[in-house]
Amino acid sequence: MAVTCLLEVVPGETFEGFCLVKEVKQEKTKKGDPYLNVTVAKKHKMVACKLWNNGFGGKDVEEILSIFSNGAMLHIAGDASEYNGQVQMTISAFRQAVQGEVEMSEFIESAPESVESMEVEIRAFIDEIKIPILHQITSELFEENNKYFMYHVAAVKMHHNFRSGLAFHTLSLLRIAKNICDQYGEAVNRSKMYAALTLHDMGKIIEMTKDTAAPEYTLFGQFLGHIQIVNQMIDRKLVFIRSQRTVSLEEVTVVYELMNIISSHHGPLSNGWGSTAEPITLEAHLCHMIDNIDAKINMISKATVDMKEGEVQKIWGLGKIYKAKGLDK
Amino acid sequence: MAVTCLLEVVPGETFEGFCLVKEVKQEKTKKGDPYLNVTVAKKHKMVACKLWNNGFGGKDVEEILSIFSNGAMLHIAGDASEYNGQVQMTISAFRQAVQGEVEMSEFIESAPESVESMEVEIRAFIDEIKIPILHQITSELFEENNKYFMYHVAAVKMHHNFRSGLAFHTLSLLRIAKNICDQYGEAVNRSKMYAALTLHDMGKIIEMTKDTAAPEYTLFGQFLGHIQIVNQMIDRKLVFIRSQRTVSLEEVTVVYELMNIISSHHGPLSNGWGSTAEPITLEAHLCHMIDNIDAKINMISKATVDMKEGEVQKIWGLGKIYKAKGLDK
Amino acid sequence: MAVTCLLEVVPGETFEGFCLVKEVKQEKTKKGDPYLNVTVAKKHKMVACKLWNNGFGGKDVEEILSIFSNGAMLHIAGDASEYNGQVQMTISAFRQAVQGEVEMSEFIESAPESVESMEVEIRAFIDEIKIPILHQITSELFEENNKYFMYHVAAVKMHHNFRSGLAFHTLSLLRIAKNICDQYGEAVNRSKMYAALTLHDMGKIIEMTKDTAAPEYTLFGQFLGHIQIVNQMIDRKLVFIRSQRTVSLEEVTVVYELMNIISSHHGPLSNGWGSTAEPITLEAHLCHMIDNIDAKINMISKATVDMKEGEVQKIWGLGKIYKAKGLDK
Amino acid sequence: MAVTCLLEVVPGETFEGFCLVKEVKQEKTKKGDPYLNVTVAKKHKMVACKLWNNGFGGKDVEEILSIFSNGAMLHIAGDASEYNGQVQMTISAFRQAVQGEVEMSEFIESAPESVESMEVEIRAFIDEIKIPILHQITSELFEENNKYFMYHVAAVKMHHNFRSGLAFHTLSLLRIAKNICDQYGEAVNRSKMYAALTLHDMGKIIEMTKDTAAPEYTLFGQFLGHIQIVNQMIDRKLVFIRSQRTVSLEEVTVVYELMNIISSHHGPLSNGWGSTAEPITLEAHLCHMIDNIDAKINMISKATVDMKEGEVQKIWGLGKIYKAKGLDK
Amino acid sequence: MAVTCLLEVVPGETFEGFCLVKEVKQEKTKKGDPYLNVTVAKKHKMVACKLWNNGFGGKDVEEILSIFSNGAMLHIAGDASEYNGQVQMTISAFRQAVQGEVEMSEFIESAPESVESMEVEIRAFIDEIKIPILHQITSELFEENNKYFMYHVAAVKMHHNFRSGLAFHTLSLLRIAKNICDQYGEAVNRSKMYAALTLHDMGKIIEMTKDTAAPEYTLFGQFLGHIQIVNQMIDRKLVFIRSQRTVSLEEVTVVYELMNIISSHHGPLSNGWGSTAEPITLEAHLCHMIDNIDAKINMISKATVDMKEGEVQKIWGLGKIYKAKGLDK
Amino acid sequence: MAVTCLLEVVPGETFEGFCLVKEVKQEKTKKGDPYLNVTVAKKHKMVACKLWNNGFGGKDVEEILSIFSNGAMLHIAGDASEYNGQVQMTISAFRQAVQGEVEMSEFIESAPESVESMEVEIRAFIDEIKIPILHQITSELFEENNKYFMYHVAAVKMHHNFRSGLAFHTLSLLRIAKNICDQYGEAVNRSKMYAALTLHDMGKIIEMTKDTAAPEYTLFGQFLGHIQIVNQMIDRKLVFIRSQRTVSLEEVTVVYELMNIISSHHGPLSNGWGSTAEPITLEAHLCHMIDNIDAKINMISKATVDMKEGEVQKIWGLGKIYKAKGLDK
């Protein structure tokens, strides 16, 4: 009997069920016959499929491509085999899902915590910002953008590239920062850390498209990068506050200090990783290092989830990674 | 008879005349007696002086330091000798200049062209910007800031670190750009080049202090750098225009493109030289390369002005530089 | 009806016309049948073609390869389709062009200006060299080599890799240099600039093969590089002049200074880009920077010519490049 | 009246009290008279002193040097002045402290927590290591070496260069790691983290001399570095355990994995910072990043302790650092 | 008639003979039929083969894979053609070799000298080590490990990746070192050089698997690298000697100096090439440089063996390499 | 009684004898009195001296400077003391040496072998060059330049900066090369190695001044570097040979290959160390590596000659260096 959940498909099985289309490429056989390379997915599981010409069901290429479009929900049937150690499937039948037939959220990868609880926790961190102007700016920018912020990815390809990845990444940094602040006492300024970390990647809601299925860099993102974008958001907020009330030089200074922390959260300029100013405070250095920790944990966890215990693999951007086995692992 | 113009002082001469104090350091002899190392200047000529304790004229150190303050205009007498190939002077008498006794402008190094003619020429370039929103932004930012812009230095230490150095450097780039645009025709967008070059270093009026005698980096300059500062000025201008009239997506895009050209005018991020985004247009690449040309010409001219013909010297940031001699040089 | 000019071929059309063979690779299908991957071209337009075994017309592979040879002019028929966003063609018929049937010059990409006018203009620049020994060396080397110089490519792959690309690139640099010299007056030595720029890449006529259809590095080019080759040409000329008349030390010095400018025109040694000495004069630094400007303008123009407006593409050696749209572009 | 505690000395005051000799250099005046440059200290406060020839009290240089030796406790009298913004003192009288006259611990800078409480807390961490062979190795190495470990410096010059600096640094990392482990759950292996962090710098007890007043690199330290030294300690322990009982392959593997974490705690080899193997587990990457955080916090705290609020200074290894002022700082 | 020795196979010939299986990959045709890509070898000659489904002889994929396993000796028949300038073969028949039918040693690439003579010569070098503790350690480690040492490869892919490559490489370095020592006299310590060179790569017998047909990195190799592994072997030997007799501080020091030479034989840490300590003696610097010479000679010889005279090819890790022709070559 | 040989001077002694002036700097005391810092030398021993104003013997500064000129041979008297661990001397009397009073060769550091024997040995190597055109070029260039070549230094500051250092360095490389050629047989071309090594640094006779007491870079040396200079010498020789007889393409090729070996003897261009072409033969790679070996041996020997056994010192360009003690050292 056929497997009906894509997460359970293994070579040798027949599959009949729903899946999300992630990527489609039209190809030609050496004889010139058109066929499709399609990647279908459920959550983090991706399966490469072939749809041969004789499986087009009499449709021409244009019709087929209008069905197999990026982000479409389809019901397909196919036989799973193995190719280069990966599952591969030849599609024998397909149809579009009917409205209401499937729950989209069961197919999209999301942060492992609920949007609601994360939102509550981030707000609690914002409430701990004791420098009024930083509190006001952070709070207002969060509230004005949180419809996008809470659902956005944190990356096109690298770490946290899933629904609500941006919020989850932001919250993870705040949690690490809380512990560092608790541990080191007055050496670290908690208000500046919480404000900077809440905002540090907020520019990504403009740097990358909002489509969480397959996010891409926007033109504006490529012109300025997410650091300059969020600094612009902060500056506009500062201008607005100034139009409402007198802002002291001290307050302006601390807002610029906040922008410096954000400007330098990709490390020193000499890295060439996109910081827009040198870090010149402890908080700026910390913001970069904490960001690194969460990014690396996410990248390595993602990279090792499908590895076998005891295996070593080369991972892009990390070098070789070993997945432990034995003892308590 | 004593020399009266600092520009003419050579070892062996006695000097009696006016000079500007550029730098003062209080020192102690091995015996513990206080004395001053003072650098005095007229235009580009700097002379290192000693004011020994026995030359204090009965004043205590605090009084002396209130006279020999950074930027003060003094009348001094002294004997010039040579030390390590440089003129050095021991001050034997001094007094503060009386109001109106000397013309400050004869002592400060300035751009080799008049502020008035440079201002006219820059405005003419701005008039050539044919994209209306770029013209408006550039023109308004220039007019609103030109009181500072026209007199500001372009650097603390490196190239164009003199009065109106910023305006002169900006104008030099515009002139080079004009010729490049004339030569390459439609390949290069003249309006974007003129807008970007006029504005590219305008953030320096906030990044560095306005005192042209001895400019320093400001705190805001160190938080953001001049690139982010001018991008902020442009963004505020864009927000203002939007509050007055509808701005099309096309127009916003071209303003962000302008910010990209400025963001990347220190070259690719991998240089680590302070660009805040990668250059992604021909105009962005050109802006960086033209900036380089004018900077190098200024640095080498400055470095070689006091070298002898036929000499080779090591210059900071340039390596060895040879000053040609013979033939037409 | 079939398209007859390769420049107009788009997917879906049938083509019947002439084309130049740029590259040929013999391949085998999985079944072991031989077939050819052929790149044909007209001017800058390249089309990838397949010639299947059943299209060999009974000829064996050797015969086919003798017809589809690099640089051959053929008349072919084929159907154009699309593959990975590129035109691709399956060749159904072919024959060699008859002598005189087509004009080769209509198929080869060339500099956008006539050889004659460029030659006149370069000579005019050489006439402006006012240091006699530099004038003599530059003029004689230009005249002795101009048969090759005026038609040679400037590169195997990168910028100006077309017929007369070397002359066009050289002339472009001279034009930029003229404007710089006009703008900066005595700071820059016009004679040295013109001599150095005229000669700087002349070694390429030996570094690369003269076949402008598909130039390659020569063995001598790989042994020495074009910088050492042209310095050798200059040195031999100097030896010759010395055999005719007395040459003063001043003159020898200025010739060595010329060789230094050329030696360092790929920038400081630390770049690792092939300079053979450090730049130690303003002219040497300028020569490198001006070379860069023309190279980048050519590379970006070439890279964007086939991009759509509003598009961003990754270009080898340049990173991402955006092609502007809207307003005056 | 004279100040008696070195911590309170400011320019203009006379000092009479005890101090520790940190560094001594014999110099000569231009006339050839010998004198000493002496650095004396109490806790973190260092004061540069001059002992002129006429203050030698009739002793010759050898006698003087035997009194002013590195680490000696002296009672001195002197007048404090200012030199280059630093306190400087001319010594007018001196004598060696009598045994029991002063409490050494009041003069040496130490970790801000008591050795006893730190030792208890580190042991509690070791008890949390749930992989038996890692627990045994870590526990035994800690117990065998803790007489040195608990009092040793963590560096010659950089961060944590004070008494018990090694223990304090180690404990700080364990505390950060605990929070990371709590936050990320099973993604991070707590036992491996605690074992690796406890041991990671233990090799420093051999790499640097035990004299906490002025530690130096030992010859063995320079031959192998602290990473190879501690790996050797672990290996010897493994050999010993094997001589007592059978050790499974699984156990050997986890011990080597531990050595890999330690080997790579200075980051990837390409950094050139002294790692002896590439990090190939999440724990290895984490160990490096956590080490960085504590080091940077310590370095910046140390660098800013004597800066004024609002000031920016260039700090070796960190670039410019700003000390915040105003608001909650 | 069919060729029977794989070394003689050229395109167009039929082959029938024995060969060693070096690599096997299961693939599928576009139609989904399974087939194998097999690399077979004799000595240094590698031939890529296809075994199509219709050549499986009725066996299923599992059976086929159990025959075509890595390291298997097979008798095959096939037709050789050319593909991309390389010989390629389609296998038409195959069977496993019978025990004793072929001599394995005729199929494996080995060092060009006999194991016996190399062993004698290395022992003679060890006998020249005049520092007793270095002699004892080197000699005992060599004798205890020489069963593996004499047959092991020196690399997975790079230089000396053949049977006894490790011994041959080691011996080559000893020979170069002998001449250097003879030439420079007392400047170089012969005993330290011989001890260090004999041991420098001995850790590879644990870093890489012992299977000389297709060596791979072991897990332990990836945890520590061959430098730390051999230093561990030396340290264990030192511990053992100490358990037998008193070892003076001088002796311990020279053993640690030996470990430093080995630790740094990949050059300075800043290279990022895997040294585990900085070189701090002449012998350490020399060990690295001599290692380089033998490695480069082997790499270039290997790379050029199949090139034609007069040809230039790009070689991984070396750049372009020219194979001389003419004259005495 | 006074010491009469500078080599034997230690602190506390009085010296009366001859010495060579190596460096002179005019200074002023804080009071403005002139004095001299003079470095005098015998062989490798350098002693820093002071000549105070009261020791001028009534002469004025100009007279004094005409006596204490660079390279002068003087008889001086002085008292030696210690300063910063170095001998320092105050000159109490001085006079110029009379013609014939001292043997200059006893004061200049020279290669440790005689010029005559070195010349014989280099000629013997040249005789082993079996490619006629390489033999002719090498032999003629050696004979034409050997008056300078045999006495020239090999460096201004680094390794082999002594009389005949160039010849000694060249010969050392030839000796290493001979052994490498003997060991590796046909893999290395002996003729090319000998020709390239004999000539590789010959350009230094023009790059640096001929004064072996205090060599400096010449202007021509800075314009071209010694590599381009010797390649020019080779090219002129080739041109000359061509004027005498027909030279085959094969012969020209091998001469250019020789120039490639020399061009690349500072390693790959990416090093930025001054190679003028990439190494593309084994001989080119070897030439660089052998050059390195002799340079490092010389630098480390020179650096350690005055160190105490057991000491570690930081050496410019080498990092820390340890001088072994104990056992056989």
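For reference, chains read A, B, C, D, E and F in written order, and residue numbers begin at 1 within each chain.
Basically, a residue touches a chain if its C-beta (ideal position, glycine included) is under 8 Å from a C-beta of that chain, and two chains touch if they have at least 3 such contacts.
Given the structure is predicted, the values throughout are model-derived calculations rather than measurements.
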Contact-graph separation of chain A and chain C, given in steps at minimum: 1
Pair sharing more residue contacts (C-beta pairs) when B-F is set against A-D: A-D
Proportion of interface numbers common to chain C and chain E (over half same, under half different): different
Distance from chain C to chain B - Cα centre to Cα centre, in angstrom: 41
Inter-centroid spacing, chain E versus chain B (mean Cα positions, whole Å): 61
Centroid distance [mean C-alpha coordinates] between chain B and chain A, Å: 45
Residues of chain F engaged with two or more neighbouring chains: 30, 219, 222-223, 253, 257, 268, 278, 280, 312, 320, 322
Every chain pair meeting the contact rule: A-B, A-C, A-D, A-E, B-C, B-D, B-F, C-E, C-F, D-E, D-F, E-F
Residues on chain C engaged by chain E in the complex (per definition of touch): 27-28, 30, 32, 217, 219, 222
Chain D-touching residues of chain E, taken from the complex the two chains share: 219-220, 222-225, 227-228, 231-232, 235-236, 239, 253, 256-257, 259-260, 263, 268-274, 276-278, 280
Touching residues (chain side chain B, partner chain C) in the complex: 130-131, 172, 175-176, 179-180, 183-184, 187-189, 191, 250-251, 253-254, 257, 268, 278-282, 285-286, 289-290, 292-293, 296-297, 300-301, 304, 312, 318-322, 324, 326-329
Footprint of chain F on chain B - complex, ascending: 29-30, 81, 83, 90, 310, 312, 320, 322
